[in-house]
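In the two complexes that follow, subunit A is the common piece, with subunit B as its partner first and subunit C second.
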Partner chain A sequence: MFNKTKQTKRIRKTDYPPTDYGRIFHPKAIAILGVSADENGVGFGTGMLRAIKMMGYEGKIYPVNPKGGMLSGLEIYRRVEDIPGPVDFAVIAVNARYVPESLEACLKIGVAGAEILSSGFSELGTEEGKELEQRIQHIAAQGIRVVGPNCFGIYCPASGLTLLPGPDLSRQTGPVAFVAQSGGMSIDFAHAGKWLGVRFSKMISFGNGADLREAELLRYLSDDPETRVISMYIEGIKDGERFFSELKAAASKKPLIVYKGGLSAAGARSVASHTASMGGSRVIWQSILRQAGAVQVNDTEEMAQANLAFAMLPPKAFRGISIVGGGGAIGVTACDTAETYGIEIPALPPDLQERIGSVLPKPGSSAINPIDVANPFVGPQALKEVLLGAAGDERIELQIIVSLLFHYKGLARAFGIPIAEVTPYKELTQCVRDVVDQTGKPVIAVLPNMTRGMESMDITELIALTRQEYLSHGIPVFDELHDAIRAIAHINNYYGGRKHEK
Partner chain B sequence: MKNDKAIKIIGSTLNKGRQTLSEYESKQVLAAYGIPVTKEILVKDKDHLEKGIQKIGFPLVMKGCSADIAHKTEKGLIHVDIRSAREAKKAYGEIMAGMKGFDGAVLIQEMIKGRRELVVGLTRDPQFGPCVMFGLGGIFTEILRDVSFRRAPLEIRDAQEMMRDIKGHKILDAVRGMEAADEKRLVDMLINVGRIGLDIPEVSEIDLNPVIISGSKPVVVDALMILKNQG
Partner chain C sequence: MFNKTKQTKRIRKTDYPPTDYGRIFHPKAIAILGVSADENGVGFGTGMLRAIKMMGYEGKIYPVNPKGGMLSGLEIYRRVEDIPGPVDFAVIAVNARYVPESLEACLKIGVAGAEILSSGFSELGTEEGKELEQRIQHIAAQGIRVVGPNCFGIYCPASGLTLLPGPDLSRQTGPVAFVAQSGGMSIDFAHAGKWLGVRFSKMISFGNGADLREAELLRYLSDDPETRVISMYIEGIKDGERFFSELKAAASKKPLIVYKGGLSAAGARSVASHTASMGGSRVIWQSILRQAGAVQVNDTEEMAQANLAFAMLPPKAFRGISIVGGGGAIGVTACDTAETYGIEIPALPPDLQERIGSVLPKPGSSAINPIDVANPFVGPQALKEVLLGAAGDERIELQIIVSLLFHYKGLARAFGIPIAEVTPYKELTQCVRDVVDQTGKPVIAVLPNMTRGMESMDITELIALTRQEYLSHGIPVFDELHDAIRAIAHINNYYGGRKHEK
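Our next item is the complex of A and B:
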């Protein structure tokens, strides 16, 4: 009786033949199509060849260029068909016009998947570009999975696959998977993760997403044993219904952190009801992510911090925390921030206050919680006693230690020795590790740096060293107390620790 | 399972070439989905007024009812707290005069007492399809915009969470001598509004505003349903 409003379902590619993700992320042999025939080339193909070699990829690399010759000590094959051994994965960086035939050649020799770095497809908005992309989809559907086109590719520290143009990403593997359309966002996060301590299982920048894209990758990662935390940056999605169901399914299996970009321009649709006028894209996305059980972050820093926390802390909510630091203002800030995020900083019982107070300088210190150690030079052993003492309160489920290491610059100058020598950062990190081992309660380190000018590069270096030391001891590090508390709040929300005031 | 009664109402509206359901029609669709609405009778001529009054009982509310007229308050088409037949007749005359030129009738409606007004709604997101809204109602809907959304279909948990999501969620608690709102009934209401969106693609937007908490029970006091442009 009504006009047919239901559209015929978009024909969805089924997994036929089944996708061999193992060969895609951990290839034993790679073909790189579109390298330049001389050493000085700066194209994507040559760049990727160099980057993969510099990453120390251990498998075979087969460069391909119709001109043949040699490149970086490797023989260049004129045609994909000429490659003498099996190929698991292909990097395609040829001119857009030649991409379909290159992909087809890879399909024919049994390549499991390809990343297409070339641009010049649907992103141009031209008929030719769209048609080329449709051809890619058509070939992919015959049994070769495609990442891209118009992307920076796959990063997999375990195998040595890297994003363009990253020859210097970490080879340390870890629990975090990252998915994004944006190649720039991916390479930025890969670099930031390296020093922040976020270690990746795999990262996929899928560009135009002609074949593999958000929903299917979510499904794969939610079952991927190498991935414990999934994180994504989304601009647009293709199929809202499928995306939502994959989002919900993935979030029910592991922490799923989502940064949705492009929320500011609420589409001005012409609507008649209040409901529709208030349901702009920002509020709907927030609601959808909440409904799916995903962790929503609002910028790249918050995303990286949330990933660090989920990757390094035990999978549970932390309702009560202690904070140990210097300066009363830190304590006040801590309380204000914690309250905003529904986290408690309970006052310690008198016996623990006494125990903690006995190792702190007086007057000026406070052992209530937040614990004000009063002096930035309180030594690691005393801090260890403080942390052990505070952990004695069963309400405390996690501890934060804030170290204002930049103050050691004054000591360094007074004694005339480098700051890294006067600061007991190695002993400190070891003491914190001991506390975690003895109490079974995690500790987060916060290393604020108020001195970032040229004259303070030694402090910047000291803090980098301390961060590295902490990370190697399995202790997550944040720059600011607020960042740490917000990351804990994300964990609490995910693990159902959210408290609704009644 | 499709709801035949609701589909019939919407079908006949579309056949008349209209894109908006009147308050009365909207509430019939809601009632077909088990959503509690005000007891009401549509009176099209003065001779039936007496009967309508008897059915509803005083105090009552009289409203001009036409799919072509929005913003009834501003046009003086709502008369509340009517307590006698004399008042009712006067109101009837004024409402009919106010609707001159429109195809309308007068809705005689029980007067729902309650100080807490909520809004429940439905919109269609281009990506995610039908989404249900919950929030503070009445004049606060536009002023505070304290609302939350969930994509249909809603699970019980979704409905519970979206109610807690709004800043003013304490309005649902037992406050200032008022009973706590019946959460179960609100949950059902939210789930069922979502079902309308899923079942009937022709419905593009719904505003139930206000939904008044009467005692502990939520009742839809005013309703607007917009249909998709079929052109």
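Our next item is the complex of A and C:
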């Protein structure tokens, strides 16, 4: 996956320590310190060993426990020094007080980096915890990069590294990098990304951030050819000035999406007990992020949706859009939402209205824009004609199609066949793909699910299937129209607001 | 379900026409004008006949079609005049140009009210359409109340009346009334309410609103003993002054939730083609609704969630809340969101922190508030202790428990048994119910679903099951913490902001 030359190239001459990120994210051999000595262990070390194996990591794994023995078919080494080959990366999950000596042992055998999953450091607020963390910093400074402590580690789909406790994350690699102190936030986003269609280059949960932290990771990711979109969840930062300059530099190169948590008084309190760092005022952060040219989001869903949009849509602003859906209220809502976000829904010229109107049922439909197709059973070919028609207006730069698939339940019931068989979702997704190819204008699909009870699991499944089908055609899918429009607004703010490097 | 005396009482002496709402919402006999003459029909009339039958409506149904014959085991009458018994309510689904004479026939045989599902009236913007609608108004004024035209009709779970095309709406009755021009919005909300746990007293989709409209329906619902919460989706209104006075009067009696659509320029355009009425400026509407004491919501989800909260929580403001969940980032997010909405998350006093801390895993947990239980497998009994502990702080008036149930998938995989069997969701929901009973303080459950792909349908199902279980215990459930906090904020604004009638 990488060779010595490439690795050397990645070592930058900066004020940051030289770091072999290639060996850290794509290790050929991993040591796991702090596995249990038998199969019944439930600790982080054993959990991570199982998770990495389930992810299908193809390199060497060396479990370490002073008791020795075997685990999951692998020999357990009593000491790091006993490991019979080179080790690129270490997972450290021993009790906090043994972490410094474990890290030191890794340093001595030439490990490039380690993730420390153990907690019990500065986040406790105790003198002992702080001192242990300082010792980690001293060892790291001697030549081993540390992610953590008190973190969920690194997820890298290309190599098979995974977060705690994620044995089931996607192995598909993609353009989005994510950096966060919070392990919970990271694993949540990794899971959500899997079904949403957000694919990751790498994800780093750095917990207390004793060594590698936000600013340095931003610098790395802004130069990382595997990363096209950077996103971060920030609770607190350590060196404000440096962080701001990295933020600005990164945002000028790639879309940078930032979710800043802990902006309230109680939130700051929660941050302090969570990852031992300081929050900051809402106004200051808004201003910092705006100045830096970063995209600010306010919750996990908004963050995930913005990442999806940046990852799957062409890199440009979309000023005018069309919206196609059944049921007039959708159109009304769409317009209101779009206006809030400064996106135009231009009324189509009469000739296009006529062309579109000719394939729609009457009365009840409207071809103005939003285009109300009047009933949810208008077929894929007709919808294709509608989309092709609307794309004829040069002011339309992106189209949204809203499908209320749950209405097919009525047909399924009437015909006595499963809803997935009565709904032309494969044809629909193919037609939408054809429209994108023919017009060169992106389409976003919106699949609201109004019926999510136990008696409607077939509908929920149909919608999941349709989403999967759309994603396989490269079409992003949102649950709600509002979410789609907000995500477009983020793109417009990023690409429309300032100059970026090419 | 009602008797003559009660009906007579409901006829009010006002400037509105006398209306027998009892016969309209709880009809003992319904005529359906415009069914097909055989079983293969797909028109609105035939659809409504099937839907009402599937809903289990227990009164008499008289289908009408000039051709006569039989449909779904019922005799079809050639003319309304041929119907052999009294008719309380009529469904009219004939072609627009035959609607006036059909309505007149209903008037002649003493029908109390009719819903006109047909479209082709003022919403077309044509002279012919407007004239037809005026004729409807003239006939209505002679003594038959009309819902529509161009509408989906009335849904009343108690009697079995249902919206187009809703054969599968809930028959459970409840406190929420909903009024909208938009049929699509109505059927969507009826479906969403079913799984969300919002139960309806009655729902009226009045389309073009030729006769019965927003102001008069508000008056009726504000006095309706079956309705405790009123919600409306408004596109445009006809008589602003009267509407405002009814809005104010209704909001002083019951929580009144208003979603005003068509606030943007394009939205107003969309409204015009959708239900032939006028929109209005954003600022004016905000001010009108605030002055009236109504709760303003900005999309369908927010509306549904606000209704759920008003329907299931005690009628009072909740100034201080506790939040219990696993994963620190949840706490951080919670505090930020709460601050935005003016809700306090007070730090618990040391004694309660100690009591709560004693049942939580260490390190990683925090008992301050938000209470971070550190891992998603903390058992129901421990969570019960945590909730009982936090309720000991008198500033806490409501509690939120966030459960990341999808993490149980890991356990399910490890043990090789289905996730619904490994997750103690029944015990959890029972424990939460016990806490509410013992403390007298309401609890809201939040069940985020981070894993909604095809390979995680078991998790989606587990969450639907858990929601169902919570709802059966009277505990409202939200998908996201943000949604729950926003809904509480609406309650606080309503009950905290002004004086209401007892």
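Keep this in mind: the second predicted complex is superposed on the first by the 464 of 502 C-alpha atoms of A that agree within 3 Å, B and C clash if a C-alpha of one lies under 4 Å from a C-alpha of the other, contacts with A are read in each partner's own complex, and residues count from 1 in each chain.
Here is the rule we go by: contacts are C-beta pairs under 8 Å (C-beta built on N, C-alpha and C of every residue); 3 or more make two chains touch, one makes a residue touch a chain.
All values reported here derive from a predicted model rather than from experimental measurement.
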Partner chain(s) touched by A:124 [first = subunit B, second = subunit C, both, neither]: second
First (subunit B), second (subunit C), both or neither touched by A:457: second
First (subunit B), second (subunit C), both or neither touched by A:337: second
First, second, both or neither for A:287, with subunit B first and subunit C second: first
First, second, both or neither for A:185, with subunit B first and subunit C second: second
Subunit A residues touched by each partner, larger count belonging to subunit B or subunit C: C
Subunit B and subunit C contact sites that coincide on subunit A, given as residue numbers: 267, 271, 273-275
Residue numbers on subunit B that touch subunit A, as the complex places them: 7, 11, 14, 20, 70, 119, 121-129, 131, 133, 135, 141-142, 145, 147-151, 158, 161-162, 164-165, 169, 173, 201-202, 204-207, 209, 224, 226, 228, 230
Residues of subunit C touching subunit A in the complex: 119-120, 123-124, 165, 167-168, 180, 182-185, 188, 191-192, 194-195, 233, 235, 261-271, 273-275, 298-301, 326-340, 344-345, 347, 363-364, 366, 368-370, 372, 404, 406-407, 409-410, 413, 448, 450-454, 456-457, 460-461, 464-465, 468, 480, 482
Contact footprint of subunit B on subunit A as seen in their complex: 1-3, 5-6, 237, 240-241, 243-244, 267, 271-276, 278-279, 281, 283-284, 287-288, 290-291, 500, 502
